Amino acid sequence: MNWLLAVIQTMLFVALAPLLSGWLKWCKCHLQNRKAPSLLQPYRNLLKLTRKQPVVAEHASWIFTKSPYIVFSAMVLAASVVPLIAVDLPSAASADVIVLVGFFAFARFFLALAGLDIGTAFGGMGSSREMTISSLAEPAMLMAVFTLTMTASTTNLSLAIEHVLHEGLVLRPSFVFAMFALILVAIAETGRIPVDNPATHLELTMIHEAMILEYSGRHLALIEWASQLKLMLYGVLIANIFLPWGIAQGFSAQALSYGLLTIIGKLGVLAILLAISETLVAKMRLFRVQEYLSFAYLLGLLGMLSHIILEASR
Amino acid sequence: MVLILAYAAVLFSFASGILALLTNQRPRLETLGQKYLARFPKHQRCRNMLNDGFQESRYPILLRQSTFVLLGLSGLLALSAGLGVLIGQQVLTDQIPLGLPWLPWHVRFDGLSGFFFLIIGIAVIAISLYGPGYVQAYQEEKHPFAVLGLFTGLFVAGMLLVLLADDAFFFMIAWELMSVASYFLVAFQHENSANRRAAFLYLLMAEVGALAIILSFGVLASFSDGLTFDALRHANLSSTWASIAFVLALLGFGMKAGIVPIHVWLPEAHPVAPSHISALMSGVMLKVAVYGLIRFCFDLLGDVHWQWGVVLLGLGTLSALGGILYAMMQPNLKRLLAYSSVENIGIIFMVLGLAMIFMANGFPQLAALGLLAALFHAFNHALFKNLLFLGAGILQHQTHSLDIDSMGGLIKRMPQTSFLFLIGCMSISSLPLFNGFVSEWLAFQTALQVNVLDNGVLRSLIPVAAAALALTAALAAACFVKVFGLIFLGLPRSRNSEKAQEVEDKGMLLALKLLAGLCFFFGIFPSLIINLLNNVAKQLLGLSLPNDTALSWMWLAPVSAQKASYSPLLVLISVLIATGISFWFLRRNPETKTMRRSEAWDCGFGGLNARMQYSSSAFTMPFRRIFAKVWLIDEQITKDMQGAQDLDVAAIHYHLQVQDHSWPRLYQPIANAINQLARQVGRIQTGNIRVYLGYSFVTLILLLWVVSL
Amino acid sequence: MNIEQQDFYTQAILSMAALVGLTSFLMLGQGRLLRLIFVFALQGLLLTMTTALAAYSLDSPHLFISALLTLVLKVIFIPWMLRRQVLLMNMHRDIEALKNNTAVMLGGASLMVFSYYVLHPIVQTSSAIMLNALAVSLSVVLLGMLLMISHRQAVAHVVGFMSIENGLFFAAIVATKGMPMVVELGVAFDVLVAAVLFGIFFFHIRTSIDSLDVDRMNRLNEVDQ
Amino acid sequence: MIAAYLVLLIPFIGIVFFAFAGHKQDTGRLNVRFNAITLAATVWLAVNVLNNGTILSSDKAFIIDSFNVYLIVLTAFIGLTTAIFSAPYMEHEKELGKLTERRLKLYYSMYQGFMLAMYLVLTTNNMGVMWVAMEGATLATVLLVSLYRTPESIEAAWKYFILCGVGIAQALFGTILLYYAAVQIGDGDNALLWSVLFENARKLNPEILQIAFVFMLIGYGTKIGLVPLHNWLPDAHSEGPTPMSAVLSGLLLNDALYAVVRSKMLVDGATQGNTAGLLMMGFGMLSFLVAALFLHRQKDIKRLFSYSSIEHMGIMTFAFGMGGPLATFAALLHMTVHSLTKSAIFVSVGHAAQLAGTQNMERIRGLIKTQPQIGWGLLIGTVAIAGFPPFGVFTSEFLVLLATMHSYPWLAPLLLLGIGIAFAGLFRHIQPMVYGEQPEGQLPIKANLWPVMIHLALVLWLGLAIPDFLANWFSQATLLISGSMPL
């Protein structure tokens, strides 16, 4: 039963991911008073891509053709351990937050290899930059996460969330810092403005897109879907770790549906905020990214210290 | 029984060394054999065997193979001995009637030694599979196999003896045997001066380190009676002296383990040795140094101070970051791998430091966890570092180069090697499902138990170290993306890599397969090793992980299931399911099932060629920018101008040299100081006999005055 | 106790000691080789007389033998050999300009005082006479070294070397009434061989650097050029 | 006892024989035979001592105790192996036209003379005779140093002669003082007999003995090559024929040290203090450090190793001075292994120099490529002398270090520093010589490397395990010198 629930939650996760990015795009267009595509546009794109026959460069190796599957399933796995609508599902125990980071690394590793596989300058550039940014982002993210895990003294996500829930509404300076750190990291990792521009077609300014230039057909579909998943994963992390209220703690249908509604609400709000910031902020130069990320790291560190000094001091 | 296995392992490695010496003795042996067989006229078969054994052509091959067979046997024996003592959880002691009249060689074989026996065993088996194919590339007159084989045998024997030693004297003998033998191996291809320089540097550092170790033993010995480890264990010394001993030991073992900033010999020496030797040195010898440190701190010194832990943690962090950053800049594959060894040793030291801190603060269980993580990482590093070095050997074998920038596109020419190498890269950049990740995960878990500590400084320090560990891991991933991507993917960058073929020798590939298989296996079933390690912790710290965190065969919950858990098996299964479904789902349509091959799109630029690809220095350029302070970077761009008033550019030359800080900052000054001193001292020997007489005269007067005071 | 209370033998010995010391000083200040050799022979003669005296008054006959040895070696053979060398090299005209001679002399004088100071413990074991005698012989030894240090001629070095031997010999006679016979003979033999070897070496040195100036023999050194 | 006389008699016959027989083709082999017989005699002697302890000859003229018996055997052994090496070596030199028949005649007879002097120093019980023999050793070797008659060799010989002569004269003054002190308490005839002196050392006047010791230390110390009295040593080693360097390093220095230790034992008996020891420690440490530094700036290969000899003699002197059972045991062991290793090295150095036709280290290259045995011999020898296990030198140095840690901890770092510097100094020169490509037209030569192998094998053996009888002697000697057994 629980396992079934876990599977369902994961599927829900996967299914909702394109919707979120559709919603994000919709908000953005309206903020920039452009005519918005329908919310289902991402689904249509994915469908279209899966129908097409993929075109692959002649000297591409199996790395190139298999990477999309690996990346996608890594993301699905990540989705399976992040509580979306309910906590203490059995799947959460199979991997904790560190492993979650590991999944992201896994996906990134293959994406970067795929970028190098064709041997184009763009691919190389893309993977080089991606690895740079991620290697700066990872410590910042872990710093933020550690703040949580040390408060809850567990690295198991659902347990940690439960712990936060049980403590009820406590004003933790550490959490504020950590949340901001995590948000910054999320923006960097999901390739949003100001770090990267998903919609760009000026090749030299892009990072994530540069790696996947050569992809087409179902491969492209998988990768797009994976990145939408990633976006949603970060969203859910932020939403459920720092404002977990509303998430289902029992498995009653009513609690679950309640949980679903709340998470949709939270994500919707987050998306709006993101859209606003992307509208207001301009993309920054690549070599200012490290300042941006070290600021994120600093926030994470501050969160950690304030946890140790202010909250858990003995 | 187990001890006999251990002895046998040592003897077999010796034997393989001795056997190698017979390389040039063919004629003598043949005549000897004939003479012997002449006594028994009826053994026609033996004689025939002998004859074709001694054919000019067959003999060397036969000898080589038998040498490596012996080596492999010694590896097997070491493996079984290690397993035996680990499973039996026993402590075996013995004495060998050698050494000093009042101090025979003491032998002790316990869990810790057993575990490192395990590591050495696996590594030696791998290289004995790999060796025969690899060494036949050396032509005999230039690089005599006798030397290589002899010192390989001695090297392995030395390492095993270090693990067996139970008194300071025997320990030092074994230790130095290991150093000297490996020195001769580093100097094996001594025709080019870089190797000679590297060898000299290596031996010098080894000597200095050994002296430091001797001194640290001396400190203990002067507070106890005798040199046996038992006596040293009972030495009760003041905390100052204990700290002095610790610092000396850290210096000595750290120098061998290659922690920053005393790591300089390592990236020089490891790359120039033959690849299977580099594998042994980088994968195993460093571990022996780690063993020495653990033995000295946790076993001999006994009560550790948390300050030592902080020192270890700091040095470890420094080495981990420094190592990987330096590694990233190397265009030479083996240098890169050597630097990455520095990184991994750094990680091990970090976790050991954590263990010490917990130990000193009275949390032996967490100390056990830390020790466990450290040992497990040592084990993993041995596996994947051997794998990568052996792979590098194959690449050198097939492309006659180690320069990453001259390779590319090898994945199609060497499919098996590339796949195995990929596994190595994935485990070293600690991706889930592979063993590297598990030990790093454990390290994080150890670090996150920090809030049991009272000391606020530590509680804020350790998470920072953990974040540094995360940075290290991420950088490692970047580094090995570069390695794999540039070597195997893209287009071939040189004619050699265009013409490269899969290595035909089965043994070499078999060794890689073995190691890669183990990397994956222990990534999925880590608990097997961890249960063994529990016994080690039990023996060493008298405590092991609590039973309620039952480490079942599929779950990993080191502290308690409530705190953290990880089940590689489940993850693997779900990955397979997810991949399977998406694979099936997307390829069910027959007409889109097949992919269309065409030339790369490349944003429509077209005319793609190998020189357009990202090179090693290009790939790492962002890191160079960001961490610029870490290296001494010498970057020059020169333009050849031509045409009217030399206005238009004919060619642009880009020169980049990235250097380690520690050389000019630390070593150069010392060398200069010594030379300066020597010059000053040289002044006293003027060559004039009257001056000499003056010395004698003055000395006489002086001494007479002194004694008559 | 003072000298007038001593018996005649002791007085004689002491005066001899004084003379020997004097000869050493003379040698130290001597720039001309022939005179140097002459003074050296004189010292040998004094030694011989001392030995003979000791042998007579302590009626220990084996000292006569050593007296004879001394006479032959140090008064006749060695001076003759050295003189021959000097004449061969015709160095008997040129004077070796000694640098800061007075300083050397003062140094020699202070050395004498120093030897008294050093050997003072001897008073506990026996008379002050012994102290004087030993002090003189020690200072002869030291003066001999000083001579070698201050002179640049190989010949002078040999003379210094031999005068050191003299000092030792004198010590042996006056302090311990001669060493055991076997030692005496051995020492004498060594001195003889040494003298012969010196002869050979002069020849070699001359052939190699056609001079006997030891300062010119400094090829083997460790100083950066 | 006959054995002892034989040991002295055979070399004497050797001198006379070689002096009058003149040089023939097989003189070298004859020399080997003489040494072989002597070795046999010494072994016989050793067996006697092994069976019935210390031997004191009826007239007390000779004493063979556990301290000198193994030195005697060692001397004979190294004498033999060096002779084996020198026979073809000197012939080759003659073919090169460096030497004439007459000089070879001189060489062989003086070789025996030197051996005789060595045996006399070791066996005699009379401090005076010991002095005579020591001087005799100088006289015997001084002509061999100048055997090549080059200006350098003559200069070296002259320095050797003068400095050692002056030094040894001081030793004689020390001996006279000793005698003087002895006469105060006993009869004049036996007053120089070491055994007698040692028995009633307590009665001797300490002040006088201290002064006497200063003279002896400086005198014999000159021969040991203690800094700053060492200046003759590198010159003599580098300019003389290589076999001479081998025996000088391997034997003469040892025996001089032996003499110093014998006198130290007397002084320690008289003065219940440790002044003598401190003096020796000071000299030892100074020589050790200075020599280690000198290693770095050598150009001549034989000079290099003579400095390393100084360095090791420094260690031994230091250890003996430190006293105490552990240090003394270590010093005795070090005496043995050092002479074995060093003479082996000089043998291979001699071959290397002949191979390359020069002693200049910049021009000796690629030995292993040209003639592996020589190259490896030199390399392994250097590894051994640099104190790497499992060679015996390591054992002794290890023990010295421990002893230092026990009694003078603050000196241990200095010692380690010295060892490190010395090691670097040796290897920075050796490596380029043995490794790398050989220069054009460098051809293998006819070489006999058995001595090297045997010596190194022995050193290896001593490093792995010390045979019981030897360990027993060492312990006895330690007991004799330091007054207590090692651990």
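As written, the chains take the letters A, B, C and D, and residue 1 is the first residue of each chain.
We take it that a residue touches a chain if its C-beta (ideal position, glycine included) is under 8 Å from a C-beta of that chain, and two chains touch if they have at least 3 such contacts.
If you're wondering where the values come from, they're calculated on a predicted model, not measured in any experiment.
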Task: Labels of chains that are neighbours to subunit B and to subunit D - done: C
Task: Pair with more cross-chain C-beta pairs in contact, given B-C and C-D - done: C-D
Task: Chain nearest the overall Cα centroid - done: B
Task: Distance between the centres, which are taken as Cα means, of subunit C and subunit B, whole angstrom - done: 70
Task: Centre-of-Cα separation between subunit D and subunit C, whole angstrom - done: 31
Task: Separation of subunit A from subunit C, taking each centre as the mean of its C-alpha atoms, in whole Å - done: 101
- [ ] Report, in whole Å, the distance between the mean C-alpha point of subunit A and the mean C-alpha point of subunit D.
- [x] 78
TODO: List, in ascending order, every residue of subunit A touching at least 2 other chains.
DONE: none
Task: Shared-contact residues (touching 2 or more other chains) in subunit C - done: 118, 121, 145, 148, 157, 214, 217-220, 222
Task: Residues of subunit B whose C-beta touches two or more other chains - done: 679, 682, 684-685, 689, 693, 696, 700, 704, 708
Task: Pairs of chains in contact (touch as defined earlier), listed by label - done: A-B, B-C, B-D, C-D
- [ ] Can you check the complex and tell me which residues of subunit B touch subunit D?
- [x] 97-103, 144, 169, 172-173, 176-177, 179-180, 187, 190-191, 193, 196, 199-200, 203-204, 207-208, 211-212, 214-215, 218-219, 221-222, 226-227, 674-675, 677-679, 681-682, 684-685, 689, 692-693, 695-696, 699-700, 703-704, 706-708
- [ ] Name, in rising order, each residue of subunit A that touches subunit B in their complex.
- [x] 50-63, 65, 69-70, 72-74, 76-77, 80, 93-96, 98-99, 101-103, 105-106, 108-109, 112-113, 115-125, 127-129, 131-132, 134-140, 142-143, 146, 149-150, 153-156, 159, 203, 213-214, 217-218, 221-222, 286-287, 290, 297, 300-301, 304-305, 308-309, 312-314
Open item on the list: Please output the residues of subunit D touching subunit B within their complex, sorted ascending.
Closed with: 158-159, 162-163, 166-167, 170, 207, 210-211, 213-215, 217-218, 222, 228-229, 231-232, 275, 279, 290, 293-294, 296-297, 368, 372, 383, 386, 388-390, 394-395, 398-399, 401-402, 404-406, 409, 412-413, 416, 419-421, 423-425, 427-428, 431-432, 435-437, 463-466, 468, 471, 474-475, 486-487
Task: Complex interface listing, subunit C residues touching subunit B - done: 114, 117-118, 120-121, 142, 145-146, 148-150, 152, 157, 214-215, 217-224
Task: Of subunit B, residues touching subunit C in the complex - done: 679, 682-690, 693-694, 696-697, 700-701, 704-705, 708
